[in-house]
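Written below as structure tokens is the structure these notes are about.
Letters A, B, C, D, E and F name the chains as they come in the text, with residue numbers starting at 1 for each one.
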Amino acid sequence: MATVPLLKDEEVSAEALAVFDEIRTARGTDYVNHFWRALAHDPATLRATWDRLQVVMAPGALDPLVKELLYVAVSVTNGCDYCIHSHTAAARAKGMTDAQYGELLAVIGMAAQTNQLVTAMKVPVDAMFDVGGGKT
Amino acid sequence: MATVPLLKDEEVSAEALAVFDEIRTARGTDYVNHFWRALAHDPATLRATWDRLQVVMAPGALDPLVKELLYVAVSVTNGCDYCIHSHTAAARAKGMTDAQYGELLAVIGMAAQTNQLVTAMKVPVDAMFDVGGGKT
Amino acid sequence: MATVPLLKDEEVSAEALAVFDEIRTARGTDYVNHFWRALAHDPATLRATWDRLQVVMAPGALDPLVKELLYVAVSVTNGCDYCIHSHTAAARAKGMTDAQYGELLAVIGMAAQTNQLVTAMKVPVDAMFDVGGGKT
Amino acid sequence: MATVPLLKDEEVSAEALAVFDEIRTARGTDYVNHFWRALAHDPATLRATWDRLQVVMAPGALDPLVKELLYVAVSVTNGCDYCIHSHTAAARAKGMTDAQYGELLAVIGMAAQTNQLVTAMKVPVDAMFDVGGGKT
Amino acid sequence: MATVPLLKDEEVSAEALAVFDEIRTARGTDYVNHFWRALAHDPATLRATWDRLQVVMAPGALDPLVKELLYVAVSVTNGCDYCIHSHTAAARAKGMTDAQYGELLAVIGMAAQTNQLVTAMKVPVDAMFDVGGGKT
Amino acid sequence: MATVPLLKDEEVSAEALAVFDEIRTARGTDYVNHFWRALAHDPATLRATWDRLQVVMAPGALDPLVKELLYVAVSVTNGCDYCIHSHTAAARAKGMTDAQYGELLAVIGMAAQTNQLVTAMKVPVDAMFDVGGGKT
């Protein structure tokens, strides 16, 4: 099921096809996954999303595997099925071991639990955690 | 505001005080932050939470800073104000640089955006992302 | 999969059947979609939900298509698969164009991203955005 | 802070005042809490919300305290600060003990944790949990 | 679809098999449901989760059926498909009637609605709902 | 409280100041609201966010007020306090009437309620709502 058809290469605009080509080159595979084929209905958003993703996920102060683990953590918390599948696969492709995956899940579960406990009790923030945002 | 009073040392049970002591020793500070003082109303949950947190956040296949970044990512996605404050502070204490913080936020924001796009279009999962969970 | 069977016309109570009839008349089709067949297990909630929905989604200060777009936006953010499918279809039936759909998704994605950035930094609300709710 | 002013008795419409009176009678106090004073800007929604709430929270197959605990659980999971405060207070007013509150929080935290673990692994639903919803 | 294979008895570690045995004994059935077979990839988290679940869901100040209803409420609000299916089935096994299920859903729906209304208007918390958490 | 200080004009980089200038020009006011002052810690994300926001919120197939209402709906559902305040104010500045605001809230509340009912029952999607996404 889906709310838009997944577009084949011959069905997309030239602008979208150019993004598909960049995806293929960046990943070294001819396969373009469903997300991009769905997003190809709106070439401008396809372009903006792909461009920004390249910047955000590039090696930087955090290494690409750590960024991918963060992506999984957010996707799990948002309950995005497709994203959980695709980014867990991406994390494995970038070297995530079974032990790392186990720890990732343990942290996600632990955080969810304490998040709820704190929220339930509406614990006031300790003054020491404030860095002065209120003083403008 | 809060739904429970924050308990002082002299107001908690012996079991809770024992946890407070472990927190103080583990962190090398006399300060016990509000979360634990709120949770001290239920010494059994206080004990279980502290014990499990120590296991989950210990150095392992993932280093402690990465675990802390994951904790922030989950807390932001769950919208837990207290947790965002306390774990961002903890990440800084563990060495998170401004550049790493900037990239952390960029990944969290990017993931939230693509999570929503995927969810809106209900994109079907590519077969290549399945690892056989359905075959039991 | 479901946690309740979808009830056929001959399996529902007279009270539920009366709601089904109103749905058929209001929409000019004999088809009653799954949501109502599931809800028919509790005729009182079925009746309350249908009645309130008619009031809320009626033309008013906002036109029905705008209301439907808002319904999609909330459903996407809540991650309700069924609702995303049914209300995206309803929006198309009410005239949503491909260009409008593309912009709807772009706004949803953008909002999700900035929501997370703001939440991560716990930005204090500007005084100018307050309208006096605290002064009772 | 708020996005609407909280309306005093002398500022609301006759329709809204009638709801305020029902609230006062039902609760045996002259105090009308902030939620209703905010909602009074839209008398029709105020009326619909109050009426439906009376039906939903009335004693029935579940007793009022259990309903209140469920209300707290949903409010915590949705992260609604005001609702957590008001419904925790309401649960206490209906007799919730400290021990019950502790168990309520433990269940909420446990559920949040396993919810995330299951979601992360995208565990397929066991056939035995399906009750035939797909067969219409 | 899943991100991990569901492990059969002969594929799991001795530590995981010991947990499976406890599950079988506690429930009086040979069937071990998918969640535990997925979690068996990480025997330490499997053990910690099962042990804590037994404590949290045991009869106490709240009876087991009430705890199960709370589990369903949190799982619905978190949108965890598997958990909704498994805990709704568990609630029925513990005696949840159709009338109780109907009221459970009505409360969940009502709470979600008022949570959103309150959040939209950013209603300030009434002073009477504070129990002194800020005074440490 | 905040996790980063809000930067004054004299504290930000030249790149960030250029964005501030564009914000001032676009809005015809010297006031730069807190979100941008917080984001100025990461000039690259500040630039990317501002640029994309201008594209997404520009008049197009949907008019700017409708886009602003959608932004409020997503922000409420995500529980982003700052965003609810700032975008509700923005919607009023773009002409949102009290009647439109009332209907906006009613739709948000109604959608949240039916989202939860559908999710609780795990209603299977009607075949007529599928547009062929699975056929690639």
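One rule holds for everything that comes next: a contact is a pair of C-beta atoms (placed from the backbone, for glycine too) under 8 Å apart; a residue touches a chain by one contact, two chains touch by 3 or more.
No experiment lies behind these values; they were computed from the predicted model shown.
Chemist: Superposing the C-alpha atoms of chain D on chain F takes a rotation of how many degrees, nearest 5?
Modeler: In degrees, rounded to 5: 120.
Chemist: Between copies chain B and chain C, are the contact residues mostly the same numbers or mostly different, with half as the line?
Modeler: same
Chemist: Can you give the whole-Å distance between the Cα centres of chain A and chain F?
Modeler: Computed from C-alpha means, the inter-chain centre distance equals 20 Å.
Chemist: Can you give the whole-Å distance between the Cα centres of chain C and chain E?
Modeler: 26
Chemist: At least two other chains touched by the same residue of chain A: list those residues.
Modeler: Touching at least two other chains: 1-4, 6, 34, 38, 44-45, 49, 52, 74, 76-81, 84-85, 88-89, 102, 104-106, 108-110, 112-117, 119-125, 129-130, 133-134.
Chemist: Going by the contact rule set out above, which residues of chain E touch chain A in the complex?
Modeler: Listed in rising order, the residues are 1, 3, 41-42, 44-45, 49, 74, 78-80, 133-134.
Chemist: Quick check: in the complex, which residue numbers of chain E touch chain C?
Modeler: So the residues of chain E in touch with chain C come to 79, 81, 84-85, 88-89, 98, 101-102, 105-106, 109, 116, 121-124.
Chemist: In the complex formed with chain A, which residues of chain D make contact?
Modeler: For this pair, the touching residues of chain D are 72, 76-77, 79, 81, 84-85, 88, 104-105, 108-110, 112-117, 119-122.
Chemist: Residue numbers of chain D touching chain C in their complex, please.
Modeler: Answer in residue numbers: 1-6, 8, 34, 37-38, 44, 48, 52, 55, 125, 129-136.
Chemist: Can you name the residues of chain C that touch chain F in the complex?
Modeler: 1-4, 6, 31, 33-35, 38-39, 45, 49, 52-53, 56-57, 60-62, 66-67, 69-71, 73-75, 77-78, 80-83, 85-89, 97, 99-100, 102-104, 106-108, 110-126, 128-130
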